[in-house]
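Alright, structures below, take your time with them.
Two complexes come next, and they have one chain in common, subunit A, joined by subunit B in the first and subunit C in the second.
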Partner chain A sequence: MAVGLLIGVMLFVATVCLLAASGLAARSARASFACTVAGTAAGLVAAMAVLLGPGDWEWTSALAPGGENFRLQLDGLAAFFLVLVCVVGCAGAAYACEYWPESTGSAARGRAWWNALVLSMGAVLLVSNGVHFLMAWEAFALCGYFLITLDNRYAGVRAAGWLYLAASHVGTLALIAFFASLAQSLGTWDLGPTNDVPSIAPLFWLALFGFGMKAGFFPCHIWLPSAHANAPSHVSAIMSGVAIKMGVYGIVRFGGWLPVPDAAGYVVIGIGAASAVLGIAFAFAQNDVKRLLAYCSVENIGVILIGVGAALLARSHGNAAWGGLALAGALLHVWNHGLFKSLLFFGAGSVLHATGTREMSRLGGLWKSMPWTAGLFAVGAVAVAGLPPLNGFAGEWLIYLGLFEGATTRAGFAWAVLPAAILLATAGSLALAAFAKAGGVIFLGVPRTKPAAGAHECGPGMLAPMLALATACTVIGVAPSLVWMPVARAVGTWNPAWSGAANPLFALGPAQLLLAVLAAAAGALLWKKSRANGLRRAPTWDCGFCRPTARMQYTGGSFAGIASGWFAAIFRTEHKSRRPRGPFPASAFHLDHVPETVLDRMIRPTGALIEKLSHAALGLQHGRLPFYILYLVAGLAVLGVYVFLEAAL
Partner chain B sequence: MEGRRGVIAMLNLLVGVAMGLNLLALGCSRLPSLIRTVATQGMVLGLMPLLLEIHRLDWRITLVAVATVAGKGLVIPGLLRRAMRAANIEREVQPFIGLMPSVLLGAGGTILAVALAGALPLLPEHAELLLVPGALASVLTGFILLIGRSKAISQVCGYLVLENGIYLFGLLLIKATPLLVEAGVLLDLTVGIFVLGIIIDRIQRAFDSLDTRKLTSLHE
Partner chain C sequence: MTIDWILRIALWVVLAPLLPGIINKVKAWVAGRKGPPVLQLYYDLNRLRKKSVVLSDIASPAFVVAPAVAWVAVASAAFLLPLGPADAGVSFRGDVLLMVYLLALARFCTAWAAMETGSAFEGMGAAREVSYAVLGEAAMFAAMLSLCVQTGSISLVDMLEPTSAVGTALLAAGLFIVLLAENCRVPFNDPNTHLELTMVHEVMVLDHSGPPLAAILHGASMKLLLFAVLLTTAVLPMDRFSPAGAVGALAAGILLVTVGVGLTESFLARISFRNVPLLLTMAFLLCLFSLLVAWKGCASALGSAGVPPASSGRQDACAPGDPLPSSARAWRGGAA
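Coming up: the complex of A and B.
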């Protein structure tokens, strides 16, 4: 009872603080930030109280906006996502203080919409009524739009905003259909476990599509790269780290509450595997660091969906315990991805802040001028590549455990589970390559352009949130048992049959810790040795060319060239080049551009065709009366012929 | 029985005349002769109710006949002539579809109408009448006039011919619902006056011309 009261008070405080932070945004940056911190902290306390406490929290109000009683519910699953909202909500607000200062002209607007976004995402997690869910969902989508288009002086930013808004509303349309059909079948808009009504199972497809547009799995990811690349970096961080997780939340939530079709598990695993491999392949081929990170989010959503799909599959085969492992892995990866992707976007933001460009081919050698950013980016890169001893490995390890245990049962579904594990491993190796490329091209070598040479380390206001996130990544990595309890709580909420499972991370913790210690020791040893012997500096071997320049380095394109070739059929890379000619070539270049294939090769041409046909149809309306009468006669004649044929047959 | 045969022969003769007038209307190169043709057709049609119900004439049928003859044969053509004079229009009809092709199309339409009427499931007492093919032919002719002529007045004539076709269909029902046919006659008058009085006047005022080709600037 006391815990319930605490949670209620904390959620109330969080709401009030975030509203105040939004309201104070234009008056005082400090007061607004303090309110944001207080609000997210209160939300975090409430969420942790549910995750570590005895039971769920529920509250029904007499207020009835939209004709439905206002019902709030915070169970293990919602609280699990709420933690992420609060952590990244706070970290991003802190980062924005220095990254998006008043001189941008949109800092106040940014703070207001930021707090509104955090609040609306919290509302999405808390409400348990279809009508209110849609309201919160729409508010959340709109806040995202205003944040993405914060810097709306640029046409690219505005276009990205429109694309996001359009894609978002396509998804919302599906969700309106989903909730309306659900309410019609159940006779109530109130949401809750309804596993006992098998006739509503097909509605899962609507939910999968509607939430999938937000989650951004392949091929619903069309809005994601441009939105994440063009938004300010702290916005990219929350969009990529948290906002797309709301789509995952929807899929997990309604996959758990509703009965699902038999094929659901296979389909979700398939979508997950396709997103994982294609997402990271596209990421590898990008030249814009933020686009790379955005495509990498598609991959991570795929990784999460593989776990969720395995859980759905296991639940439909008698609640096999390996499904619990896979779901735990997926949920842990939700947290992990939220943390390290925010860290990476903050790192990319620092680079952008220091050099003014997102093009990796214009950067290079930032290791020397931005050592902190480089180190923290490296932590994020190791985590995202799923390497031990960081948190990315812990989450993916659980998914692997689940998949392998599922495969070793040798039941009929193993044919779906085993390829998923192989594709997950493929995606992991490509992720390592992609982040070797990103880290290498941006931070190693020598600066390729003047802005890169003049880069400076960012201030403590930006480093502190990055450091906090990197610490969280490391702690979850070396001591994964710490997070097992909340994860297990969320898994138990999703499927009570899986609650109370033994902690599989128990064995992993010491191994990770040992590895971390070994890595740290090796690093220290190398550092000491290099200090003792001194570094010998000499030019790189230059093939006999006497004056090497900074442009004679591996570019991002050349780094990814071979792997891009493997996916040429999907990428449709656009090449432009002029070969060097003659003994003294004056100029030569080679440009590779990987378009957003689904958008540029499928959706845009289809849209253009529809537009062309519509324009052609406009020619029928020319204003010449006799022709209008001719249309009428022709229409009548066609109808007459139809009636005649109908009668004759 | 013999009397009924005579009536049917007479009626078919009138319908035949109306069909001939259709072709004549299509071949008219000048507006006054077009108007005259349409007026004649209207009067021919006006006589038909009398013939159809010759054995039990009452005041209603007579009223229908008189109103039709007066409306289609005198009032509307008179108004058309007046409008033509008032608007000072050139007398050529200025066809989109040339006169000869129009006539050929009309002849083809008439043949089609006769063929089509043969295929329709008609009541036995209507089967030997030419009313249905006549009606279809008039409707088709009206459409050809509407599509193929550019001047508003010739288009009004097209409407009238089209309407005559519908009236012929209506005659099939005169026994059952004379009121409906009367209402149709009233509608004729309304349409005629509406078209003439309002539309022509507006076109004239807005464009200083009655050529509908100049109306294309209204299309958006």
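Coming up: the complex of A and C.
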């Protein structure tokens, strides 16, 4: 039991360190950061000890907050998510040291809430009691709120915070109902595998909605774009890379522990496919780089849910082995997305830091002033587009493998994998388009505005975490077999019937490594050959047009124009334009804006209607006594008539 | 093993530039012209190899590196394709997905390099390329899924050997349209023009010169050969031929596809850009129908509405239209 003891000690150390980091936040930035590093490292050791070690870890205390015994449990699935929390928790804290300095006035607050967020997410993963889960969940949601509104001088930031808080609590409400119903049906608040009680299957829908609000799948994503765009970039990174994964954790966790309705697999695949395609379509159409990344998170949650849905489907039909592959792909994608999305948000943060704008149409040509950021962003872009040889492809490849294997069985129930695979491919090619646009418009070409021209490379404090994340993306890409053991462990925890599967990545890994080496070698060779032949710099030729200016460059809006047209019915893009008139037109403009369609066209009008009806009802409350007496009499009269009629019939 | 690999790479690298030459010869023949020599692209490549490079002021080194990476991606994808009796260079479960995504990587690199120049033309080309590829890739995935469902395998070697039986005609038509779109041939794009605004691929590579341009041109010809091989092997029952017959059938098939592309270009005009998505959607629908035929054809073979056993492996689901599943592959290893 030495391993169990080690895990317990490490978790204790992690808790103490993170609490200390929170406490020291206002006193010493350096000490606080050291505590964060120590705490996340200890958490990482504990999680890896569970993933690579012999068994789960459990601990029950005599303490009973909320009237329930305090019970902690770290199994393969929870440990898998804990790894991501610790890695991004550490990388983000390091990035924040330079990105969010004391001069912002909220650096100390930021550190305090950051460590509280990491700690509360760890608590969500560890507790195994409904009451405590809700407590940890609420703490986690509140920490997120304070981090998003760190820079609360701006109205946009405050509004994003409110929206996040409201959406989060709608989800929490569903979760309270879920856990309470669960406790009532089972007679205990303790959580654990309860697959033998089929009557509680419908509760899965409550959990799906409650956790889905946090995970941000379509159309529960309404809070996500504005929250992730307006938060400081290191906060966006952990919110997008890790916090929404807590929602995925909830769905995976309770989809595994509880019996699920028959339709669950189909519904989750459907939600996943819709989120993947619509999320990335919205991302492609964005002009704000952080909004683009936020919508891309909706897509990636969709990709993960496709894998989870396939796993649910396969499990409910005799544990077909392809479900295990799909789930392994989904879980690997949880890690991958956490890594490359954090990398991309850090990159966007560096751009914002250097130029003061998130609008891509005001950027351009940044590779010259920020070559490191540009290169690292490009690595993230290749990874997020799911292209070989990086990690994004490894995860998506596993999901595809599960879906294609499901298709080849030709079992009648497996029809859903066909549209899922095709829609996943569509989302993948849209992601490629979206990141060719993001990378191209921000970093390539010529600067479009003065701030973009005067950009500067960020310091080593911001580059180092990005470099670490990019390295992780590359390593998982070229040697995916390294991470197979933790993934297989988590899959085995979810469904023991799938434990001990052979590593399907053994062939892909060498292929990806070979590709990476060949690509690097070919690139170097061609560069050398071009240099040897003579390399001359000249203005862009462009078919003989004169030197192109920034105003002649293709813009992000035009780049996405073709594909946006296909989704016009959903986007409801707002066009504003004044055409050039007369022989000497004085001015002309064309503006395209993709609104937050679900929020602006559905939620807000519904909210306005409810408000209007409430206002109408308010007319009944005027404070004049005779009328209240009249209401009473009228009410009594109606009751009397009702009773009389019932007696008569 | 090593000799097999070297021969295979040599085959792809050496033969690929022949295809555009054949297409141009066919076009010239139909138009009653003499046309450029069949080996024209070889001469061009040789010339470009020696030339110096003019690089745009605003382009980063990635502008030169990207064509190399794209070339490696296409070559690696080609390496995964089985060549009749010679099988594939590397084969594993799920290699079909790697092949499709390698082509996507090549596209990303080309689009990235196009954005490097900051020119309106090249940005426009990149936007078109990545947008139309969304539909093309959906069609490609439907086609590959249909082959997987038909043969019960997800590695290219097993998928491409038997004919796809019932849905073959649909699949062939769909894949041919995808071939035209992905290789930027008429009716999607006119490879002859350089100065027209309505272009996709050619406009993206306007600013390349010297060895990088050679890599791009060679990569494009290799991509064309890749699609021709894919189409031929997907349609023909390669496992029914003797090794020599298979090689002959493959060569004949590639020639037929190439001549077909030439004839299409001779007799068809480029369609307007508004209609490109429609044609690609048609290709997607053709592939989708072939997928449905594969799926339903199998379901009817299973008998009425009987749901197959839940954990049915592909062996007991139903036998695909392939009466000689593994015995016919006996000639494989030896021939390679």
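FYI, the second predicted complex is superposed on the first by the 597 of 649 C-alpha atoms of A that agree within 3 Å, B and C clash if a C-alpha of one lies under 4 Å from a C-alpha of the other, contacts with A are read in each partner's own complex, and residues count from 1 in each chain.
Methods note: a contact is a pair of C-beta atoms (placed from the backbone, for glycine too) under 8 Å apart; a residue touches a chain by one contact, two chains touch by 3 or more.
Owing to the predicted nature of the structure, the values given are computational and were not obtained by experimental measurement.
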item	value
Touched partner set for A:Gly92, first subunit B, second subunit C, both or neither	neither
Partner chain in contact with A:Gly241 - subunit B first, subunit C second, else both or neither	neither
Partner chain(s) touched by A:Gln621 [first = subunit B, second = subunit C, both, neither]	first
Which superposed partner A:Gly144 touches (first subunit B, second subunit C, both, neither)	neither
Touching partner for A:Ile629 - first (subunit B), second (subunit C), both, neither	first
Partner chain(s) touched by A:Ala519 [first = subunit B, second = subunit C, both, neither]	second
Per-residue contact with subunit A, leading partner among subunit C and subunit B	C
Touch list for subunit A against partner subunit B, complex	621-627, 629-630, 633, 644
Subunit A-facing residues of subunit C, complex	50-62, 64-69, 71-73, 76, 90, 92-98, 100-102, 104-105, 107-108, 111-112, 114-124, 126-128, 130-134, 137-138, 140-142, 145, 148-149, 152-154, 194-195, 206-207, 210-212, 215, 277, 288, 291, 295, 298-299, 302, 307-314, 317-318
Residue ranges of subunit B in contact with subunit A within the complex	96, 119, 143, 146-150, 155, 212-213, 215-220
Subunit C-touching residues of subunit A, taken from the complex the two chains share	317-321, 364-365, 367-368, 371, 374, 378, 382, 385-388, 393, 397, 400-401, 404-405, 407-413, 415, 418, 421-422, 425-426, 428-430, 432-433, 435-437, 439-441, 444-446, 504, 507-508, 511, 514-515, 518-519, 522-527, 529-530, 533-543, 545, 548, 550, 552-554, 558-563, 566
